[in-house]
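What follows is a pair of complexes built around chain A, which joins chain B in one and chain C in the other.
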Partner chain A sequence: MTAADLQALLPLLILAATSLFILLGAAFLPGHRTAYLITIVGMLVALASIRAAVAQAPHLVGEMLVIDAFALFYIGLLLLAASVVTTFAYDYLKKIHLKAEEFYALLTLATLGGCVLAASNHFATMFLGIELLSVPLYVLIAYVFRKNDSLEAALKYLILAATASAFLLFGMALIYAELGTMHFDGLRDNLQAGIGERRGLLLAGIALMITGFGFKLAVAPFHMWTPDIYQGAPAPVTAFIATISKGAMVALLLRFFGAIPSDQSGAVFTAISCIAVASMTIGNLLALRQTNVKRIMAYSSIAHLGYVLVAFLSGGPQAIESATFYIVSYSIATLSVFGLLAALSNADGEPETLAPFKGLFWRNRSAAVFLSLAIFSLIGIPLTSGFWAKLFIFIAGIQSGLWVLVILLALNSAIGLYYYLRILFVLYSPTDELSELSSTTSPLNRSSFVILAALTLLSLTIGIHPAPLLELVKMLVTTL
Partner chain B sequence: MINLFYIAALVAIIATVLAITRHHAVHALLYLIVSLLAVALVFFTLGAPFVAALEVIIYAGAILVLFLFVMMMLNLGQDAKEQEREWQPLRIWIGPALLSCILLALIIHAIMGEGSASVVTEEVGPKAVGSLLFGPYMIAAELGAFLLMAGVVGASHLRRREFQSEITGKEES
Partner chain C sequence: MMLPLLILVLLLGGLLVWAAGRISASATRWTALTVLLLDAALVGWIFCAINDSPADGRWLMTYEVDWITALNVQLYLAVDGFSLALILLTIFLGIVAVLASWKGITERVGFFYFNLLWVLAGTLGVFMALDLLAFFFFWELMVVPMVFLIAIWGHENRRYAAIKFFIFTQASSLLMLVSIVGLYALHGTFRYDDLLGTEMPEGTAFWLMLGFFVAFTVKLPAFPFHTWLADAHTEAPTAGSVILAGLMLKTGAYGLVRIVVPLFPDAARDFAPIALAMGVIGILYGALLALAQTDLKRLIAYTSVSHMGFVLVGVFSWNSWAVQGVLMQMICHGISTGALFIIAGALQDRMHTRDIRRMGGLWGVTPKLAAFGLVFALASLGLPGMGNFIGEFLILLGSFQISPTIAIIAALSLPASAIYSLRIVQRTFHGQQAERWSVTDFDRREIGVMAVLVIAILWLGLMPQPVLDLVSPSLTETLERTQQNGGAQ
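Let's turn to the complex of A and B:
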């Protein structure tokens, strides 16, 4: 490894070192607060070190990882989201008096896996990144063991994630058997000759890999695990799964399928558009009948990933721009919702059903406002970032002539209004039993309040003035 | 020597199918061992004797010893012996033994036979594997280390006493 390699890898190295420091801290300076401080400082230093890594970009590290502007943008996004999740987790775990050093170590390792995925350029690093993202999650989902739900969720995730990994490995083996390369650039060079002449094995391999990716992204028909795991996992972990795990997979998908030239008549295109349509429709329709906020968010996340796939299918630079913009906006809103659930929870549990939210506005103004604005962003109401995110997907889809997908996206957004508005309606409905209900949710404490306010402000800032983020996202395309 | 490969691959497939379809864990385990040995032979015929050895040592050896420990811990009952006898009648050994005999015949044939046993001309020895692992694949090896660390940290959390009392419903003492 040269000095340039090390400089380019600095964010990943710092993150990896942070996980070791947390464990050392757990041995010599045990304490929840110490572990939290090491984690948050490590993540912020890693975030700052992206500046140093930019000087080297684009840089190939031994063919396995590529550190370019695209990778660094996603690493930055994941690190920011991870530090937000860490802060929510600190408040959440403080309430339940549980030994928490391992939580931060596992959270850091899972974030490292996500960052590796964003930078991976080879089947080996891709697979290791996915595993490094999944293995800590098995434990994190079951970390707070006050209910059997979480154990069930962890077991489901373990079995299904292992199955998805098997699909991925088999797909990788078939593609390697056909093309003789595991390098993404090698794939591109080999496929330039034409995908048509070597169908068989190659298509089977890509189909198996799409299955594996589909599981991780929780898009229909690979979405069955989502509601149970969202419900069973502690709220900060759910936030992690919904944003970091999915954001890293979208980054990988953009890079991987960027390496596969596809036209609109191809089998890969057809398969992914079927998945996009199924996700949008199934996600929104199943969310209609739910009464649990976490399950509503789970089904709506299936639909949102369907929207991202529409952006992805539009192809060319606008696919990367609109998908990345959407992921940023979706992450901000999702982090707010789950962060709020974590902040409102108390030692007995989280407010999951709609009942504790009844008349929240009259008891806890700021919490209700944060939740409302996050939901506005998820719906795509103007002045929030969600509006621009959805608009860019529409524009990208129309420019590529994906009329069917764009019309379905519009119809599905309309269906989505129903369940989002139902949450909002509950928030503002008048309530008489103030004294009885106020005990079911705990008030926001300071750090959660600051983070939630910052997320909401960020969403509004992007909503009012999207140009800086758009410029940044446009810049990434040139490097990919 | 391509026939060696096909026979070993066939044995691997048969053993794996049988491992999946058995009702008892112990029976499935027996077929799993045969399947792993057959895969090792497949690696051997493909010119990777080092990987074949690793397959036998790590999978057929270490991981199945782990299985054995679990079985031992689960069987610590009064009627464990009774259960054992019920689970493993003599005829259950016939299938795995037969498949193993085929593998044994293959490996004897490969060793005694003339020329190279592999279908490829170039064999990948330990040195080549090592220089790849610490050359271009070094980052992958390091990531593997962190993956193992995640597993160890996770396991140490899940074996906590509070966790176990929560599962079994007993009060923490």
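Let's turn to the complex of A and C:
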């Protein structure tokens, strides 16, 4: 390993070291606050080290990892999201008086897995990243076992994630058998060179891999686990699953399917279109009947990932641009929602049903404003980042002639309004029992307030002036 | 610089008003009124600036700044006579709406006026934006505060009405977004000026036009997209109804005149028979539905469907009479229906019912209110001397040249509108008192507001020429341009 390799890998190395420090800290300087501080400092240092890594980009580390602008962008995004989740988790765990040093170690490791995925360029690192991301989650989901739900959720996630990994592995094996390489660039070269006569085997491999990816992204028809796990996991962990785990997968998919060229008539294209349509429709329709906020968000996330797939299908540079922009905007909004759930929770539990949110605007104005703006962003209302995110998917889709998918997206967004509006109206509904209700949610404490305000401001800033982010995202494409 | 300032004053003013809500309710109301008066002063200033320097080219005043360079999006605002007339209407009705809700809104006053000012800001944006993306931006911006107005301060069934309103407008506007992006994919620009007169394949043009058409006719609303309107109007608070009827419906009409026909002259011409039929059905169906209503606000709402049917007929007749009639109809309907909603709202505040079967004989109790009611009922039925007459007359005249049949069928609604308008007067104000109501009459503030509205509607009816002079250069220019390109016949 050369110095250049080390410099390029600096963010990942720092993150790995952080998890060790947390464990050491737990042994010698036990304390919840210490663990949190080590984590957050480690993540911020890793974030800062991206500057150093940029100097080396694009850089191949031993054929397995590629540190280019795209990878670094996603690593930065994941690290930012992870530090936000960590802060939410600190407040959340403090409220229930849980000693939780290893929580942070697991969180850091899972984040590291996400970062490895964003940089992976090879089946081996891809699998490593996915497992590193998933295994800590088994524990994290059940970490606060106040109710049976979390144990059930953890078990479900364990079994299904393991199955999905098995599908992925088998798919990789088939593709490797056919193309003789596990390197993404090698796959592309060999495909273009016409190696691999047995198309059936190749297609079967890709189909199995899509199944595995589909599970991780929670797109229909591989979405069944989502609502239970969103509901059962503690709110900060749900935020982690919804943003970091999915963001990392999207980064991987953009790189992986960038390597496998597919035209609009191909079987892969058809399969992903079907998944996109099914996700949008099923997610939105099932969300209509839910009364639990976390379950509504779970189903809506299925739909949102369907929208991302539409961006993804448009192919070429605009696919990467619009999907990345959407993931950024979606992550900001989703972090706000789950962060708020975590911040409003008290020792008895989280406000999950709609009842505790009744009239929130009239008793906890800032919390309601944060939540409303996050929901506006998810709907795609102007002045929030979600507006441009959806717009860029429209542009990408139409420029590639995906009229049907885009129109379905439009109609689906209209269906989605119903459940988002239901949450919104509950927030603003005038109510006479304010004092009675105020005990159901706890007031925001300072750190959560600051983070939520920052997320909301970020969404508004992008909403008013999207050009800087768009240009940054466009720049990534040129390096890919 | 003055054009974005118009919007900015309202947006910042909205935030200020919200903050003022913490101090006291009356401070909030005065702040809101001041913000709007400031905007009115700005409009006056714009008029002076225009007169001082005669415009070259088609826009009287423009403002342009790059927004997203990567996508060639500008914040491009421009006004001609047509948009100026509607901007005036917006601010005028905004002031009326603030005054009309002076006493009716007692809870969460700050947030109420915040929403009110933001709706107005969005509406102004729609009337000025000439970059289609910016247009869409404001189009969406205008809807959300309206949903809040209905959902928080509305009547019994408000949540249903608000959701229905939002889903209808949002579904249709997303289809418009598909069309806007489709145009962008074809021509690489969102700029209205550059998109004018561009060639496009016939099939594509038709589908793109349809996206815009649906969005605008849902807002208008035209048959068969009118079902949200009755609920939204009925459940909205008074100020909300005034803005819905007076302004939001007009954005649909504005879109048809500004975007659908000029950008797609050929497709619009081919589509005209269907649009005319929709308009005529709307005229008659709206009038018939109005005849059958017992809820006063619902009744007025259905008369809007009928009156907006005239707008649709006028737009797709597309000659200078019809288009001038459309503009007159837009403004006068805004004023007269706004006034009727204020009267209905005043009755509801006082009697806690909108059921006209329970009213009756109110002339004896509230003579001033009843007198104003009579005036605006007459305006609504199109009595000569009131602005509405000019509008409908010009539209009928224009459409007669395109198709006498359409004009004749549309004219059939005139007796129906006489019946429903007089029924309002007869059932509410005349006859026996159904119950022994003791309600207060209009106070000085309300009389002032209504008097201004009466003067406006009479002025438009007796001296429409200044308004027509203001708008006719831009409308003539638009007409000529589309006729060069084949144009609607």
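Note that in this section the second predicted complex is superposed on the first by the 475 of 480 C-alpha atoms of A that agree within 3 Å, B and C clash if a C-alpha of one lies under 4 Å from a C-alpha of the other, contacts with A are read in each partner's own complex, and residues count from 1 in each chain.
The criterion applied here is as follows: a residue touches a chain if its C-beta (ideal position, glycine included) is under 8 Å from a C-beta of that chain, and two chains touch if they have at least 3 such contacts.
Here the structure is a predicted model, which means the values were calculated and not measured.
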Partner chain(s) touched by A:430 [first = chain B, second = chain C, both, neither]: second
Partner chain in contact with A:65 - chain B first, chain C second, else both or neither: first
Which of chain B and chain C A:472 touches, first, second, both or neither: neither
Contacts of A:411 with chain B and chain C, given as first, second, both or neither: second
Which of chain B and chain C A:116 touches, first, second, both or neither: first
Touching partner for A:135 - first (chain B), second (chain C), both, neither: first
Touched partner set for A:151, first chain B, second chain C, both or neither: first
Of chain B, residues touching chain A in the complex: 135-140, 143-144, 146-147, 149-151, 153-154, 156-158, 160, 162-163, 166-167
List of chain A residues in touch with chain C within their complex: 362, 376, 381-383, 387, 391, 394-395, 398-399, 403, 406-407, 410-411, 413-414, 417-418, 421-422, 425, 428-430, 465-467, 470-471, 474
Complex interface listing, chain C residues touching chain A: 67-71, 107-108, 133, 137-138, 140-141, 144, 147-148, 151-152, 159, 162-163, 166-167, 170-171, 174-175, 177-178, 181-182, 184-185
Contacting residues of chain A [partner chain B, same complex]: 1, 16, 19, 23, 61-65, 98-99, 102, 105-106, 109-110, 112, 116, 124-125, 128-129, 131-132, 135-136, 138-139, 142-143, 145-146, 151
